[in-house]
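So, here come the structures, one by one.
What follows is chain A paired twice: with chain B in the first complex and chain C in the second.
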Partner chain A sequence: MTGMTTRSTPRVLGVALATAVIVALLSIKLNAFRDYQIAEIAIEVTAVAGLTVLTGLSGQISLGNGAFMAVGAYTTALLMLHLNWPFVLVLVLAAVITAVAGAVVGVAAARLHGPYLAGATLLLGVALPSVAYAYQGAFGGDQGLDVNFTTPSFLGVNFPLTRWEAWVCSAAALITLVLLANLGRSRVGRSWRAVRDDEVAAALAGVNVAATRILAFVVSAACAGLAGALLAIVTGLVAPGAFTITLSIALLTAAVIGGLGTLPGAVWGSLVIVLVPTYATDVATSHGLSSSVASNIPVAAYGAVLILVMLIFPQGIQGAVRWLLGLFGISSARTRQRADVPDALSPADDTPTVKQRRSASPEGSSSGNQ
Partner chain B sequence: MVEFLQFTLSGLSFGMIYAAIALSLVLIWRGTRLLNFAQGGMAMFTTYIALEVIRQTGSYWAGFVVALAAGVVLGAAAELAVIRPALGKPELNAVIITIGLLILLEGLAGIFYGGQYRSFPAAFSIIGLRAGSTPLGVSRFDVFVALAVLVATLLLAAGFRYTSAGLRMRAAAFNATVARLSGIRVARVITVGWALAGLLGALAGVLVTPSTFLYPNSMDSIFVFGFTAAVIGGLDSPLGAVVGGLLLGVALSYAGGYLGSQGSDLTALVALGILVVVLMLRPDGIFSGARVRRV
Partner chain C sequence: MKRSNRFRAPAIAVLAAAALAVAACSSSSSPSSSSTGGSSPAAGASSGSASAPLTASAPGITSTSILIGSHQPLTGPAAPGYSEIAPASAAYFSYVNAHGGVYGRDIDYKYLDDAYNPTQTATVVRQLVLQDNVYAIFDGLGTPTHLAVESFLNAQKVPDVFVASGCDCWDQPTTDPETFGWQLDYIREGKILGQYIAQHFKGKKIGYFYQDDEFGMDGVKGLDDEIPSSMVVSRQSYVDTNVNVAPQVAALRASGAQVVVSFSIPAFTALLKLTSLKLGFSPTLVVSNVGSDPITLSGLLESFAKQGGATVNGNSLTDGIITDSYAPSLGDAGNSWIALFKKVHAEYDAKAPFDGNVLYGMGVAYTFVQAMLAAGRNPTRADLVNAINAGLPQGPLVAPYAYSMTDHDGVTGAYIGVINNGALTPEGPVLTTDTSATGAITPYTGTQPTAPASGIPAP
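Right, the complex of A and B next:
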């Protein structure tokens, strides 16, 4: 949450630019597979950042953001297939159309809380991709739709496509992060936190609770739609098999283990869920295990990592990073002060004192209404 | 008319399985205020154990009993090992831990048993029953499925109502602090709740797998629909779980039956439609009590 509450716009822009330069240099240095991974991580970051705003700031859980990614991806595929527009325009349109879908879902979700919202969004994540099976004519059924994406001519013919994809995805992710960081610090962000911490108090203070909650869904869906659009151009194929419930659950998982409600946390979480399985696969195959064992060790290891991170770092990786910085005295005074009151964040306890402390602390964090 | 009867009966039989999963989720929700995403994964794992026992001993019933026992052990062990340490931390942490547990169990199943689809035996004949010459759309095994879940549900309900252990569980779910002050060991009660939920999940796994095959993800969609059933019924209501399961089972059976192949592709969408309609009218499920939101 530091990223959203304390950093000024110049500082956010500075960090974003520095990251852009580092990513660009890395993408030139690394091979095509690593470039593909950079793109993958950037896509994940885009989607997870949107979800961490929805769940962490506005307090609404979603297990269906994978469905929004599907909307963005299919929009991209259909636009690229039927109209020959520049891809940047297509990406923006995909985000806008998904945002509209998010508004529809947000209206339906505005009255729901905790597990009921989780159930409804989970089912949305399962149901929406199945439409692609039912209407094969438009969506290509099981096979999906092909997406044709090439490097622009000004980069020359020898410029690797994966590097270009890494650049496009990273740029989109960074722009998303900057916009979200600004939004989180704005009046909108404050309304989200107010509604998350106490709906009644927020309403009494003049916040339009329903509109605020719906707007969070719109923003979150736009991010997921953009991520889906990027996924479409990077994988070159949009098929329903890519948008399973596993995807939606992975997004929430990344947001929480990274540190819910924090944008740096969205980055840490995305790194974990993209890199841990790949790394574990490398280790397993290099030890010459049989294929069924080698392919499943990463799955088991990933599950174990999720459990351990949650038990050891209740505030996610970003919480651990803050604690480490505090240990070396690098952090600001407020970070240290916050590290002292982790128990105030427990939403299990709803006594007024805890609540006051919770809303007094800018950290707030966590699941709000869950 | 005959078709309608067939779809209804087979829907009820499948609905009982959703009901079992829903009931197990409700048991855990009432004790821990937590959605257990590993419920389906635990059921998948105990079904693998059952298959192993059946192969070793040649007896279906040995496998059946071992699966239920394994469900009890797995449920209690999960609560003690990974859920209890997470209580008091941000609420979503425990949810992510159950997701981690699900992924861990699916990975372990893949390591031990491989990813291929295995068939799982049914306790009774799966040939459709007939009334005179009209096929009823259900088999002897389907009847067993419905009866088994019904018996388990009734036993559970009776246990809650008429035994002192049941009274303690109800008290702990109603108000943990007061229950603790009255000398109830709430932590132990919660562990028992997880064990019972594990048992119900294991039952659902053994009952559903003959019609779905067994593989590490085999319980995923069953879990989603069981969860949906619990949400439709209201997560605080065991009765709601059963009604929600049956409602969903029958509705999905009609959708698959009457809408043809497109209908079976769209079952999840139909379920979503039902869920949205129910939650529009009752945001906390059909059997939710009067709505109390602490201010």
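Right, the complex of A and C next:
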């Protein structure tokens, strides 16, 4: 057990470092708008990774993570506006404060299941951004709050702001992914899966079900808060119009399209959510369609991708990737693909079949095999 | 060995695909970014000579075309009505292009959908500026949406002309020198409506109904400058995400208001009217220009009533609504501007109804052509801003523009009108004023120039 963890942590770090190098190279090679899109993708990844852990690993659905992003974004705006703190500190604090909000919601959520939990978090997603209208003096109402973010002086005056934003957001996203990957493999992750698969069995095995469920909300909220903070510094404005219920649903969509419960899936889903509408718009506008048709093509493309992925690969894009890898015999992914989805986070031990997993958690150590 | 492979393979696949995806982006974008270049060459300043060859004097400008961009709500809740504006502008630009263009250059108008979401506005405007290298952002629609990009555009020194919103926030020449408003700002509008109410409804009880944002609050600020506070018996606000306005209407009814002034978008003007009907409340309605286009309003009234299982006649419900307008009345067939835009509409945009939104889109496009012509033959970005700062001649709107070095507001006045059988009947003269609380409201003594016979402003 211990040996396995020490083996995989350097591997995760290696992948993260390699990705960081690739992103850095891309950000230098590509134009400023693509840098901005890299930042957008990284923000999306941060939020979706948090949600995929909550929903995929701990089995709790949330339609309110857009509201957590709003908490992070407003925290950032207020801190930068009134206290003018360095942004790294602000990002961390935004994540912490949102985590506290997540704990509060988590306490309520731990008592709810299925559609009731979805309903409660939906309420959060709808109601919380409206607080900005209720307290216009503090939150600027519909107009929102300005966030002033610039490149640090050591990079020189000519360093493009969008490249700096791409770096900051990608770094935050990668750190989040590394931490979540480790958390998913740790005792906490095993408890989440145990609770997700069978609460009674988990409780009998000594897992504190309520605390485990609340912790999942805290982690998820912290990720969303960090994503909201990044969104605030990148767009330069925090306004309630950016945190509608559509945002929460888009996050869940990204998690599902990518492959619920898997961190690579969070990356896939984010790529789809950010890039498909832009491509569809480019295609639509370059073919001389009438504006009423062209403007609806991105929305239609988004829907079509969602339907196709769900029809062909119910386990999301990551499921498709595993299936393809299995086809080419590159790895033992064939067996993994047949098993339940959320195993990308689980350690690389022998994965039991779906049926076995229903009755026992995947790791035969602390919480399994009752 | 097997274990490590299994873990590594998906990770490598993710990396490879991510790299592919972004590489694909770069290949599609590199031609446009390399062809137009980054900073503007200095040559553009020499625009005096009429025979000077046309050069690529600024980003987005080539010897044959001018590329401009915009963000518009083409889908989503703000789309009904407002989504007609950009196609109408594009129709007018097509007309100009077909008749010689601007100094021989065609205007290429690329407007992208932001669904009225500030995050999406930030994305599409960066796409237009950083990737498509537009010369200017033109007529970006909405207050919260455009605020998300105002400082970005000013930092990038991209002309940000004729924002489609009456927020007074576009008039900040010192901090945001690139940004210009166009339509009547809500403070001036509130003052003009307020004076009319104070004069014509003396001794009556007045109720306010307004959108709880910059739009509604600027309007109320203007109203309060003119209406004595003793006359105002109730102030009710709504949030545009909550379509139940019954509590507000009930409160207005309970206060005994005989006149209700509404700073609302069209959908909420319709909801106010229908909810009032349901509650048996029939005050005189005074509605801001934004929320009172008779054709849009009557369509909304009929479709909302239908959703509620009732049939109403939209035109008869809008009868008697008092409003104001800074553009000539659509029904005024004798007005040369209406005639011109009707002609362009029939030729290039016939599918849309000829309503206030179409008039708006064409009017603002005309003003942009005026500004481009004033900016010179081979303009830099700064030339456009300087040309507007030097003031633009009055065009399709009934009052002059405020444009100067120190004032970036657009049109300065409007006239009061009453809706009658789906059309606006003007009542009284054009009134002009400023945005200060004490600034006088004076009748405009000039007359609106007639539209040029060619349909294109003279250089």
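Note that in this section the second predicted complex is superposed on the first by the 325 of 370 C-alpha atoms of A that agree within 3 Å, B and C clash if a C-alpha of one lies under 4 Å from a C-alpha of the other, contacts with A are read in each partner's own complex, and residues count from 1 in each chain.
Everything that follows uses one rule, which is that a residue touches a chain if its C-beta (ideal position, glycine included) is under 8 Å from a C-beta of that chain, and two chains touch if they have at least 3 such contacts.
All of these numbers come straight from a predicted model, not from anything done at the bench.
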{"item": "Chain A as common anchor, with chain B and chain C clashing or fitting", "value": "clash"}
{"item": "First (chain B), second (chain C), both or neither touched by A:155", "value": "neither"}
{"item": "First (chain B), second (chain C), both or neither touched by A:138", "value": "neither"}
{"item": "Which of chain B and chain C A:33 touches, first, second, both or neither", "value": "second"}
{"item": "Partner chain in contact with A:211 - chain B first, chain C second, else both or neither", "value": "neither"}
{"item": "First (chain B), second (chain C), both or neither touched by A:130", "value": "both"}
{"item": "Contacts of A:18 with chain B and chain C, given as first, second, both or neither", "value": "second"}
{"item": "Touched partner set for A:292, first chain B, second chain C, both or neither", "value": "both"}
{"item": "Segment of chain C intruding into chain B (one of 20-28, 272-280, 290-298 or 416-424)", "value": "272-280"}
{"item": "Touching both chain B and chain C, residues of chain A", "value": "130, 133, 292, 295-296, 298-299, 348"}
{"item": "Touching residues (chain side chain C, partner chain A) in the complex", "value": "2-11, 13-15, 17-19, 21-23, 25-26, 28-30, 33, 74-75, 83, 86-87, 90, 110-113, 116-119, 122-123, 126-127, 129-131, 143-145, 147-148, 151-152, 169, 212-214, 239, 241, 351"}
{"item": "Residues of chain A touching chain C in the complex", "value": "7-8, 11, 15, 18-19, 22, 26, 29-34, 36-38, 40, 130, 133, 136, 141-144, 146, 148, 162, 231, 234-237, 239-242, 244, 246-247, 264, 267-268, 271, 275, 278, 281-282, 285, 290-292, 295-296, 298-299, 318, 321-322, 325, 330-333, 336, 344, 348"}
{"item": "Parts of chain A lying in touch with chain B, wherever the complex brings them together", "value": "55, 61, 108, 111-113, 115-116, 118-120, 122-124, 126-128, 130-131, 133-134, 198, 200, 245, 249, 252-253, 256-257, 260, 292-293, 295-307, 310-311, 314-315, 343, 345-350, 365-367, 370"}
{"item": "Chain B residues touching chain A - in the complex, by the definition given at the top", "value": "29, 33, 35, 37, 82, 85-97, 99-111, 114-115, 216, 220-221, 224, 227-228, 230-231, 235, 262, 265-269, 271-272, 275-276, 279-280, 283-285, 294-295"}
